[in-house]
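Chain lettering (A, B, C, D and E) follows the sequence in which the chains are written, and residue indices restart at 1 in each chain.
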């Protein structure tokens, strides 16, 4: 079995699914953010894989760089918000932050 | 030649109340009790003045109206026409769009303009009783006035629709703020019902616009104006039928015809007296006016298809409305206004029946009935208002013997009551008889069935008469209405009530004996209308075979 | 007098009472007692004018003339003087109306004017002191105006308009003492019952308008004569006739709509005399006579049967009533049945003749009863007895002595109504009975029922009228009140005298035994039927109806045959009627005067019959149980339907929308009731999931967003 | 790889086209500095921002349009300009709102950053309206999002604001994650990240319906999150309720505008089958019925927004659902997939801006005094503050879409576009929804005017600035309901999207 | 099996297994450290795919930056004594539903991969380093994005500081 693009894509897909699972199920806000990172990583794997199999199309790399950068930004801001939540609620359980609802 | 006064009288008559509205808004509200009283007085009399000028305008229109001109779909014979480009925009993509400020009247709308002016004028007087939120009240009242008048003079569908919707808003507040105990429910019910009807109208307007490229109602009546392959091109297509039904239902809700009528009793019962007057006197007419001005001439083929359905709707409304009025049976809960509201359903059924007949008598009768119902029911509601103002109840079971307590009132009331049951010599009879004469030609069986409405109508009216006016005065009303004598110096009518009631009574009697002035007004247009419809509809024509 | 003058006089006659109405309604309060004087004088003028018209029209002749002044078209001929104009015009459609005066109308005008005048006069005293004194005279004016309108109408539209106006003014007059519930009820009942008949009338008018595009009698009858039938259908002609006759059924209180008239006695007694004896109820007869020409044979048979039934039914009821006025009321119904029956059998002249004679003596009877009641009332008031019903004949007796003049006039007119020779009643009644006999002879078969019923009713009439006379006037006073009665003053008595004098034969015919020798039959000639030949009642001549073997000319002999038969039947009829009337009177004397038979015993023996009569054949009960209850029930039902079903549907939709929004609007409060129930309906896992997750948690949102995306993808691949 | 001189020429040209954005960036810089230097002047940044926005707006009108910039990764066309104008308008109104927001103006709170983030977010939105490169789109959306997360939680000591920002950031991160995954798939399919290039590939190569559908939907999910379309609307009510009301207003208009801009551009630039010589009706690549898909989403969005709004008692939350519903109406116009539809969206959006901002402004002014956004506390408000209540009612009627208000004209044109495209069923659903919406809008008016008419609560005095702004907005709402020719012309001129040639 | 395959499978298994720990572990610290392995594995995959610069970036930013941040986050929001350091229990339905969604998503994507016609060019040119190319493109084609990213970073820094700052 030769390695072809699908292997990488499936790897990315599984990572995507796991990330989604983490986002939905983990109670701790930090863990939810980790799930987001998994999702972003899966996208990155896709980018790099497509880049590689399309004659090393460099656009994919650029995209991946931006995604990494944005992931960092997002985590920074999100953690700041989580810390703020911690100050207000004394916990960071996402499912207990539910005062706003119908 | 179409009359034109060289001055935009239709614009004036329509937007005059807006000027009044601004004036009313400018009146400062007093800080203390006395100043407030003065400012209330000023606002009331501004409204009286404005509506009176409006009435004068209406009379000027009536006097200058050229009765020989046909109108309906012939733009050159509309009168007092004002036509300006209102909205013009160039689409780089689909050409340009044009909406016109197009006003004009013909025999179908002239009586309605007159009616609106009359009813709006007389209904100001019962409004004097309003004590809270006076400024808002008269502002809304005048806005409503503009909306109603606009509906009757607009010949551009877009403009028509704007006026049509414009009057919802003040009506909502007028019922909602100054209404009875269940005012919220009644107001929202009214609002939603009518909006349901009108939003579908909106879709039809858009479809028509794409079919002919303008909003001109008159152009919409000419099949040649339809672009080939547009939505409504051709005749007897399903989409045309559907569109007609959308319009018809939209208007039928306003009329209201059974089974779209349930908003009416609630709205009437809860609305303050003057608003009931306007609601019954003018607003309901907008439904039937919409039919005859818009739905029928634009979709004559669909009218042909649905004609008997329309007649059935009319017949069922007549009988069902009368039965419901009679069915106000639960002792202790009988409501005077509800009874009259249901009687309106019944009486407006005559209009629908008359229109469905497509005979000149029937259609004239229908328009005439619109006018007469406007005056008669206005009177009836004001009559209820008179005792409601004094006793603060409308329960039929709580009254009796008013004929002794208030003889003049009873006398005036009898004119309205007997007009409502179609007593000859009063205007209601002429129009109902004409409707029957026309409808019998086309739908004999339905007409006979509708005759049941006459008997039932007499039944509930006389029953009410007896309950309220005859018999003995109950204990609790033995004292004078207003022992302080401030508001009601006498037990009988006071001056402003005379001003409101007597002119209507005179109109009712006059038109009952000399209907021709009113019929002349509509004659040419009605005949032309019937001619337009003739190729498409069933018209009983034994006569023409003679 | 020229034709023009007659027209103008006619209009004046029409307008004058309206003037009286207007003056009294607006200035009545100010006029006070004078309002009666004003009204009576106006009616006096009216009467004079009527008599003038009567004299010149019936006994004069006119040259034909056709001219137009403005929109008014004058059409004058010897037969009828007409004024026509277009009232409502809509392009090609013109509704022409107008007034017409022929002999029928001229005579009727006098009847109306005279009785109205006398009633006005009578009322001045009778109604004195009433709180709404002037209002009363206003109403009388309105009524007279309307009645004159009916008389003068030469078209169905005016006829119908004034028909309704008569209805409304009678409503006002019957319910005049509206503080009394029974009075207000009676007014309402009268109006509504009349409306039922009017609906039929209106439908008849619609059919005719539909067919001819005009409502003028001339146009309609002219078209009919030219062979144009409504709907081109012969049956419809019959039906339209019957529909029009429905109006008469209502107004003339014919079976089955007769129930309103006895109740209408709640009105003041002069009113009863005016409208429920002489004029308004006669309007139905007048209408039938007016449109007589258009009735087909079948319609006429129908009319005859209705008349006969009414005559008999009412007579039986009158036997047992104890209320003075009610007896008279039923007697009126019975007599009206007579007239209708007479028209139905083709004794046109005699039917109308009976209308006139009956008008005099029945008005007199009512006014006399008014006199009695007035006296009783005052007596009761005088001695302070308020329990005694002043109208119950069982409380009277012996009034002959206290009220001699009333008694005498009453006796005269009782004789007249009983058909005793030398009275006008004898002339007309005999004519009618002869007509029925002739009719039965010619028609044969079941038609014999009609004369039999006629004679039976004549006998019954004589009996109950004398019962009334004897019980109330003869014998001894049965109560204190009756003892204290006093004769009334001349204002009340004068009308009685006039009317009773008019009940003698010599006004109408030199021969007290045969009306045909008088002027009346010459003035009132049966109109030529305009129905198609085969629909006219010649068929009665031939047992199997219209027979094609006969040529058309032969059928015009019917009238001759009929007249011949009437002539032959005249004496048999006279004898029989004398016998039955005499028998009735005799029996009344035997029972009530000489007490040879005990009335109570008879009642006991024939308890069933007595009850039927006393309870008026249970008509009111039946109607209440069926029609009234049905309508009320149905209207209740529709009220219910309206509130429950239609609103229910609308509210249901609102409910659905709201609850639907709960379902999709997911993240609502867990605790809100109803949500749980609703969610239970959502299937399985997903529903449970929604319920579990709707807490406003962001992770739930994410899950749903992704899930929603998946669903969208699922639907679009 | 590149001819350097070409690149320099292009960059010079691009910078000229980029002037409005550059002005924003300069303003941003000044604002950051000013915030550090002039600590005492609370609103200094507000004025700086206002000046910057106005300058930027002036530059917008002097731009050459229908140009590509930065090597085809950015486009300047009238469509983008239109949205930029809307965004600037929103900014200006929101800044005017912020002057009077009691929520924001608390003790010890510096407001400098507030305006800084507004400017930053505006920059992100400007980028988004013109971006034609998927990475740039992603970046722009993130720029917007990051700013808005912070803005939503700006009043950080208030619990519900922090909750809002947490929910917002998590939901936003997931949405952008999904979107970037979709971008990666599109990149795989087309081998490029530039929309024009992708379009060329899609026109020539058949990439398969299914992958294109999925990948596009994943990207659209990111847009849907911005415009709060179903099913990516979940964050909307909570965030709108929790965030300071100025930000709620801002989010409900500005970020939605940017979302719509990119959504429409995405369809028109990437999925158009024939960019050469197209007429105003779009033909899409492959056989996916995008029109239908968007129509379904639109129906779901407006229906959900409306029927849930009925239950709301918090005005902000109610308006949040109402803005979801309005996104549905706007999507109707987008679903038409032709230039008329685009024009109707543009028209509607301008009016939506007026009435929605007006409504939020009124709520803010009211809740400043009442101290609550609960609809029950608004009983009798119409008598305590007639002017605000009346203008509020005008906005609400406009939101319902009743003449003679601008909202009616907007709806009218959206329905026109829909009917013109033959999607009558969609129009029917649309009008039914307007009727439903009436119920909850009227509920507010009912509470203001019908209930509590006899309440004896004291009259409310509001600031002159607030009142004059709402009055101007209300007058505009009515004016555009009566006379709208210029707007029509403007929107129609702006409806064509530059896709190159 | 050449080394590329072997390493691919190694990294793949590493990524997936550590990711599973991340999403399932009840101990937050375990999760965070598993994430380290995931990132590391992804970097390995990058190397396999000739993305050397990316691999380095991945390690530097993700492991050096993001992960440290996350650990800070954990530490700052949990009491160090470790009693409370576990993530709370999640409901069964939620787990089931999340699992369902994730599985469906994965299956959907895999199905997509099987039907997609990727833009693949045959010429699989080998280059030593991608840095050159990245640098070129970044400052030409992606100039705008590059510059805008700096603005974004600036905003994010200010924002994070603003929000996280104690009162």
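In the analysis below, a residue touches a chain if its C-beta (ideal position, glycine included) is under 8 Å from a C-beta of that chain, and two chains touch if they have at least 3 such contacts.
Model, not experiment: these values are computed from the prediction.
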Discussion item. What are the mutual neighbours of chain A and chain B in this structure?
Written reply: C, D
Item to complete: Could you tell me which chains make contact with chain C and chain E both?
Response: A, D
Worksheet entry | Innermost chain, taking as reference the mean of every protein Cα atom displayed | B
Worksheet entry | Busiest interface, counted in C-beta pairs | A-E
Practice prompt. Name the chain whose C-alpha centroid is farthest from the C-alpha centroid of chain C.
Written response: E
Worksheet entry | For chain A paired with chain E, centre-to-centre distance based on mean C-alpha positions, whole Å | 6
Practice prompt. Quick one: report the Å distance separating chain B from chain C, using the average Cα coordinate of each chain.
Written response: 37
Practice prompt. Could you grab the centroid distance between chain C and chain D? Build each centroid from C-alpha atoms only and quote it in angstrom.
Written response: 78
Discussion item. I'd like to verify one number: the distance from the centre of chain A to the centre of chain D, where each centre is the average of its C-alpha atoms, in whole angstrom.
Written reply: 26
Worksheet entry | Contacts with two or more other chains, residues of chain C listed in rising order | 665, 668, 696, 698-700, 702-703, 706-707, 713
Worksheet, complete the sentence: Check: chain A positions touching at least 2 other chains come out as 5, 9, 16, 19-20, 23-25, 29, 32-33, 44, 49-50, 54, 57, 59, 62, 66, 70, 73, 77, 81-82, 84, 94-95, 97-102
Item to complete: Any chance you could list the residues of chain E touching two or more other chains?
Response: 94, 97-98, 101, 105, 108-109, 118-119, 121, 136-137, 141-142, 145, 149, 152, 156, 159, 162-163
Worksheet item: Mind giving me all the chain pairs that touch?
Response: A-C, A-D, A-E, B-C, B-D, C-D, C-E, D-E
Worksheet item: What residues of chain D sit close enough to touch chain B in their complex?
Response: 280, 339-340, 343, 383, 386, 397, 402-404, 408, 412, 415-416, 419-420, 424, 427-428, 431-432, 434-435, 438-439, 442, 445-446, 449-451, 453-454, 483-485, 488-489, 492-493, 495-496
Fill in: Interface residues, chain E side, partner chain A - complex
4-5, 8, 12, 15-16, 19-20, 22-23, 28, 31-32, 35, 38-39, 42, 45-46, 49-51, 53-54, 57-58, 61-62, 65-66, 69-70, 72-74, 76-77, 87-90, 94-95, 97-99, 101-103, 105-106, 109-110, 113-114, 118-125, 127, 130, 133-134, 136-138, 141-142, 145, 149, 152-153, 156-157, 159-164, 166
Response to the item:
Per the touch rule, the chain C residues reaching chain D in their complex are 657-658, 660-662, 664-665, 668, 696, 698-702, 704-709, 711-713, 715-717
Worksheet, complete the sentence: Seen from chain C, its contact residues with chain E in the complex are 688-689, 692-693, 699-700, 703, 706-707, 710, 713
Discussion item. Taking the touch rule as given, give the residues of chain D at its contact with chain C in the complex, in rising order.
Written reply: 166-167, 170-171, 174-175, 178, 210, 213-214, 217-218, 221, 225, 230-232, 234-235, 238, 288, 292-293, 296-297, 303-304, 307-308, 310-311, 436
